[in-house]
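You will see subunit A twice below: alongside subunit B first, and alongside subunit C after that.
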Partner chain A sequence: MKKRISRRFIVSGLTAVMAVGLLTGCGSSGKSDTIEIGLATPLTGASAQDGQAIENGVELAVKQANDAGGIDGKQIEVVVEDDKGDASEAATVANMLVQNDNIVGVVGHFNSSCTLAGATIYNDAGIVQISPGSSAEAVSEAGDYTFRTITTDAVQGRYLAEWCVNDLGYHNIAVLYENDDYGLGLADVIQRETEALGATVVAREAYEVNQTDFSTVLTKVAASDADVMIIGGLYNETALIAKQMGDNGLEGMQIMGVDAIYSDALIELGGDAVNGIKLTAYFSDASDSEVTQSFIKAYTDEYGEAPGTYAAYAYDAANIILDAVANVGTDRAAIRDYIADLKDFDGVTGITSFDENGDVIKEPLRMEIINGAFETVDM
Partner chain B sequence: MMQKIKKIKKPLAVIGILFLLLFPVIITSSYYLHVMILAGIYVVLSLSLNLITGYTGQLCLGHAAFFGIGAYAGALLMVNVHMNFFFALICSFIISGIFGLLLGIPALRLRGDYLAIVTLGFGEIVHLVFVNWTELTNGPMGIRSIPGPSLFGIELDGNQEFYYLILIITALVLFLLNRLVNSGFGMAMQTIKADEIAAESIGIYPVKYKLIAFILSSGLAGLAGCFYASYISYISPTTFVYNTSVTILAMVVLGGLGSLTGSVIGGVVLTLLPEVLRSISDYRMIFFGALMIIMMIFKPEGFWGVSKRVKNIYKIKAGGAQNERDYESR
Partner chain C sequence: MFVQQLINGITVGGIYALIALGYTMVYGILKIVNFAHGDVFMIGGFMGLILAQTTNLPIWIAYPLAMLITALIGVLIERICYRPIRLHGADALAILISALGVSIFLENFAQLVWGTETHAYVQKIQRTAYNIAGITLSNIQIGVIVLCIILMIVLYLVVNKTKMGMAMRATSQSITSAQLMGINTEKVIALTFGVGSALACVAGILVGTYYDAVYPLIGYSYGLKAFAAAILGGIGSVPGAMLGGFLLGIVETLGAGYISTGYRDAFAFGILILVLLFRPSGLLGKKHVDKV
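Up next is the complex of A and B:
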């Protein structure tokens, strides 16, 4: 008998919890005195670290706007939702955010799959979505209300190819890439663009994320007559590749990469081996832009650590939405039109404009690791 | 107790059905509709897994693979061949079923843990095929712009339409499975679950029943996958991973092994609960896990376990052993 009561207790407890949840969920619509910005980012799961950086970037932008008196005397709030880096979860949080009438725009999502899953919902609802981290080409066609502050792999790949083939004169190219949507997309772009400039891709090898032994792929590169190695992947693997090159007969070969390898962790993990790596980047503390430097200072003061690339992209995304609201008010369609026409917005990741697909146009910095530090270079 | 429940059962059912039918009219929020649609998809998935795991007693850890095969089959047919959603739904049922058959023939000769490992491996293989067969599946980039259903030229791609569609699909699946598990075929399945050797000794050939249950189960998961693809309009391999298989299994176990009502409850509760707990953000997964542990300690047979279902013409209690006293007391 006792057992049965406790069972019933638990069942009714569960029911009560759900009822309360539904009620509180219902109470959040209707106009009020605050302006809200939606933020959909992975706070749990594999991308949680980047997701957290994105949240920090957005919170900082909003805090600065509030400290400056808000917009039209109204304070701004961030509504944070966790999409777990999962597409169906992303659709859920997107549906949740578009229901809130106070939300003027959404910063999100991080993973391209999530951005695409959410895009349908944001576009149907007519609410601006700015992704700080989805660089896949498919996002271009996601809809009129979908923007991003990160450039496509195509733009950066094209720029890197020009630098590599035209300016540095490499013609036999090895492409190493991680075997996922990001790496594969980037490898395709690099192959297409370098071949368009008359170079030949002599080796094209995939590796798995979290792989630690690269001798198989590196031996294959050594067997080809490549004179430069372009990496379509992240910093962990790049550091390991740089370290293992010597053992596989590739001493002194030039490594090039895009901003995905721009991280202090690359230098920490790679040590001396990563010196001389050339890469493109949009956000760097070596940048001489005033906006960038003051962002780095404010971020470091607030969180006690230097901002990463995604924090910077997110900061820009939030500021673009805030700028739109300050100029055209809280009408969602007006905000969309304003952002679509935005020209030369001075962001921390460069001078930003959008093309007709909502893709960002900005020129990357050329960087090289010199004596264990990222430096901007001309060649 | 039983009498009381019986008396209010009918009006309760009527209220429940009315509520489900009128839900999109009363609550127009696309968020609530979306959660209900997801719940519907998961109910179909957990019902289908229950058929093989709950009723036939074969532990399967790769259900997401069939969900994925159905989703990809449906998506590719709708995007590349411009097949109508409803035909694609049937095709993905058949295609998933065929894969169920192909896996089932060798795998179902294994028992218990070994079958679990084989299905687990199958799930991983299917996921890797989705990732690496770029020409067909577009690899990790996934498939975009999957069209919604349309019937005689009328587009049915709003949330309300999807809601009613999944409601109809769920009702149909529930109706069919209910007929199935209460038929002689269902009895045979449950006999196999209780004791395979005993089943063989009275002339039930286990492989046949296990195989048919497996095909049906994977086919229905494929059906849910096709609906999912059309509803979300974008699929990528990340959805069809081991984690999803475990979530579906948790719905089946939490709801009650060998109980259709249980699967419905399990599917709905495990979809709604994380949403309800969203307000406590960072702690929600901890809370969610704790609730599941509490549930398993106090109610190991699930929400709608064996003791809730006692009716069948031979007074045989389906779904496994249960002590007589518990039965009498209800």
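Up next is the complex of A and C:
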């Protein structure tokens, strides 16, 4: 999914760095009766809403573990730090977290820039970091102790390509993408993967975010031999594309997309026109997975609202750390080795394993909009 | 594909032209750029949506009513935010800054009231697409083009054939002289803002109906393109704004269609730069000589 990198709060970040300098040495030390999990997430700033969802997901996982008697009779606590979605602030909170000897692992950060800023510190300290929200390619290379429960765009693009070409049999592909790093990256992945499967990209057209007039783009698609449109972008533009297809001679063409278009806003804005759109997603309330459904119920009972994608990724991240501690104890290196070798962890965002870079490998759900609702489908 | 893209270009160009008229008329009379005009277009779009959504009025009452409300908002903006500065004798720069302030206010107001998300438009007209010799045309697209042309002809006739139009032209030549001739220039200025805003409202409703979307920041991109169209045609010239709008729409659509969709906006502003290099006063703009 798309991540906005905030460059704000640099000044406050620097101030905080200096403040931490003064406080160094105050970190707690020695073993105690509780196990602590670090959480570094933006609770203020532009990404605060997602950051709060992440905190909710982690707190729920820990609460459930404590209610079940904790680990080895020890209760688990969450140490929450606000990174404000700002990279320099992220380095500050990472330093604070690694100085606490009771912390067995950290869930964080959300923004890719923050995850990368923290990664050096966690890797030097030898403490596991699992990001619930950073999908940037660079996170793959961040170090042995850096993992993530969200997949890279490349993984999803590859899966979508297989579905589109091998299973649905589309061979003439039109790729429509938003004209920025995110859309361009996705378009590249989709083109590479579909062509590797023997399909041809017959149209590759860019549009601006917030564009309203898609007639030019759609006319070009209509003039090509495309039999499917894959969107490398978000839900607003996808809805408008779906609605304007009819006027431009593309009535009934299949549209496919990734989890960036998985939003109720797609259906609200698109109405009947978005029925039949096929997309990949990792977390959905339409999933028939038992763990997913019981998570949705527990989360809704606890917070009075349904969980979003990031709450689910965070819940999985916290549970993976708790699972490691339950199996190998609190030794940080042992935890890292356990997670690196983790296979087929049954999470709420799918069956999870990690590759050698600490990137998650899991199969997305296949979804289709049927009668104005997201449904899981086989084809 | 050429004819199809040409039609797409004329459609979006007509919308640019309608908005550009508001820029050019205000500039013609007051020599200021009303940077809030793009947001008046947005407010007009929302007015049409809200009236069609919350009342059961048929569109031939609801949409003219939306135009009237938007026109009043335009007049009010001039009255509250520009006139006091103008009558104080401040230079155009002060009004420009006030216009930017109004723009920011309207955008934030819209986001507070209607939320930041994109709204689907109420479709009161059944959409039918016709396929003529491989070219797809919808009834709404035809309606957009026809309505834009009719409104432009009406405006042209009003400005050139009526007494009020004569007063407008006189005011644009010199406010002081017009006043000496007994013209109520404040009334003319208010009327200019009203007419420009009503046309922007039509553009907002057309964008809403044709592209099926309206959102609080929509005025930014359309306003910028329309402003470019006004400059391209020669700011201050009514036929210039019309020509500039259509030309901009056609150039950006054909450029995007035949070269690259990623450079759509680059074509729009590229043609502007190209024309200004050779004709600094725009295509139909009058040569302006500042006497020292």
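In the analysis below, the second predicted complex is superposed on the first by the 294 of 379 C-alpha atoms of A that agree within 3 Å, B and C clash if a C-alpha of one lies under 4 Å from a C-alpha of the other, contacts with A are read in each partner's own complex, and residues count from 1 in each chain.
Throughout what follows, a residue touches a chain if its C-beta (ideal position, glycine included) is under 8 Å from a C-beta of that chain, and two chains touch if they have at least 3 such contacts.
Predicted model only: the values in this text are computed from it and were never measured.
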| field | Partner chain(s) touched by A:N179 [first = subunit B, second = subunit C, both, neither] | value | both
| remark: Of the two partners subunit B and subunit C, more of subunit A gets touched by chain B
| task | For A:D259, select first, second, both or neither according to whether it touches subunit B, subunit C, the two together, or no partner. | result | neither
| said: One more residue to check, A:V98. First (subunit B), second (subunit C), both or neither? | reply: first
| said: Contacts for A:S88 in the overlay, against subunit B (first) and subunit C (second): which applies, first, second, both or neither? | reply: first
| request: Report for A:Q244: first if it touches subunit B alone, second if subunit C alone, otherwise both or neither. | output: second
| message | Going by the contact rule set out at the top, does A:E268 touch subunit B (first), subunit C (second), both, or neither? | response | second
| task | Classify the contacts of A:D153 with the two partner chains as first (subunit B alone), second (subunit C alone), both, or neither. | result | neither
| task | Could you give the residue numbers on subunit A that contact subunit B in one complex and subunit C in the other? | result | 179
| note | Listed in rising order, subunit B residues that touch subunit A in their complex are 29-35, 38, 131-132, 134, 139-142, 144, 228, 232-236, 238-239, 269, 272-273, 275-279, 281-282, 285, 291, 294-295, 298-299
| said: Quick check: in the complex, which residue numbers of subunit A touch subunit B? | reply: 3, 6-7, 10, 14, 17-18, 20-22, 24-26, 29, 43-44, 80-82, 85-88, 91-92, 95-96, 98-99, 111-113, 116-117, 120-121, 125, 136, 138, 141, 179-182, 184-185
| remark: Counting only contacts in the complex, subunit A reaches subunit C at residues 179, 205-208, 210-217, 219-220, 222-223, 236, 239-240, 243-244, 246-249, 251, 265, 268-271
| remark: Seen from subunit C, its contact residues with subunit A in the complex are 1, 4-5, 8-9, 11-12, 117-120, 127, 129, 131, 136, 138, 140-141, 207, 211-213, 215, 217-218, 221, 252-253, 256-257, 260-262, 264-265
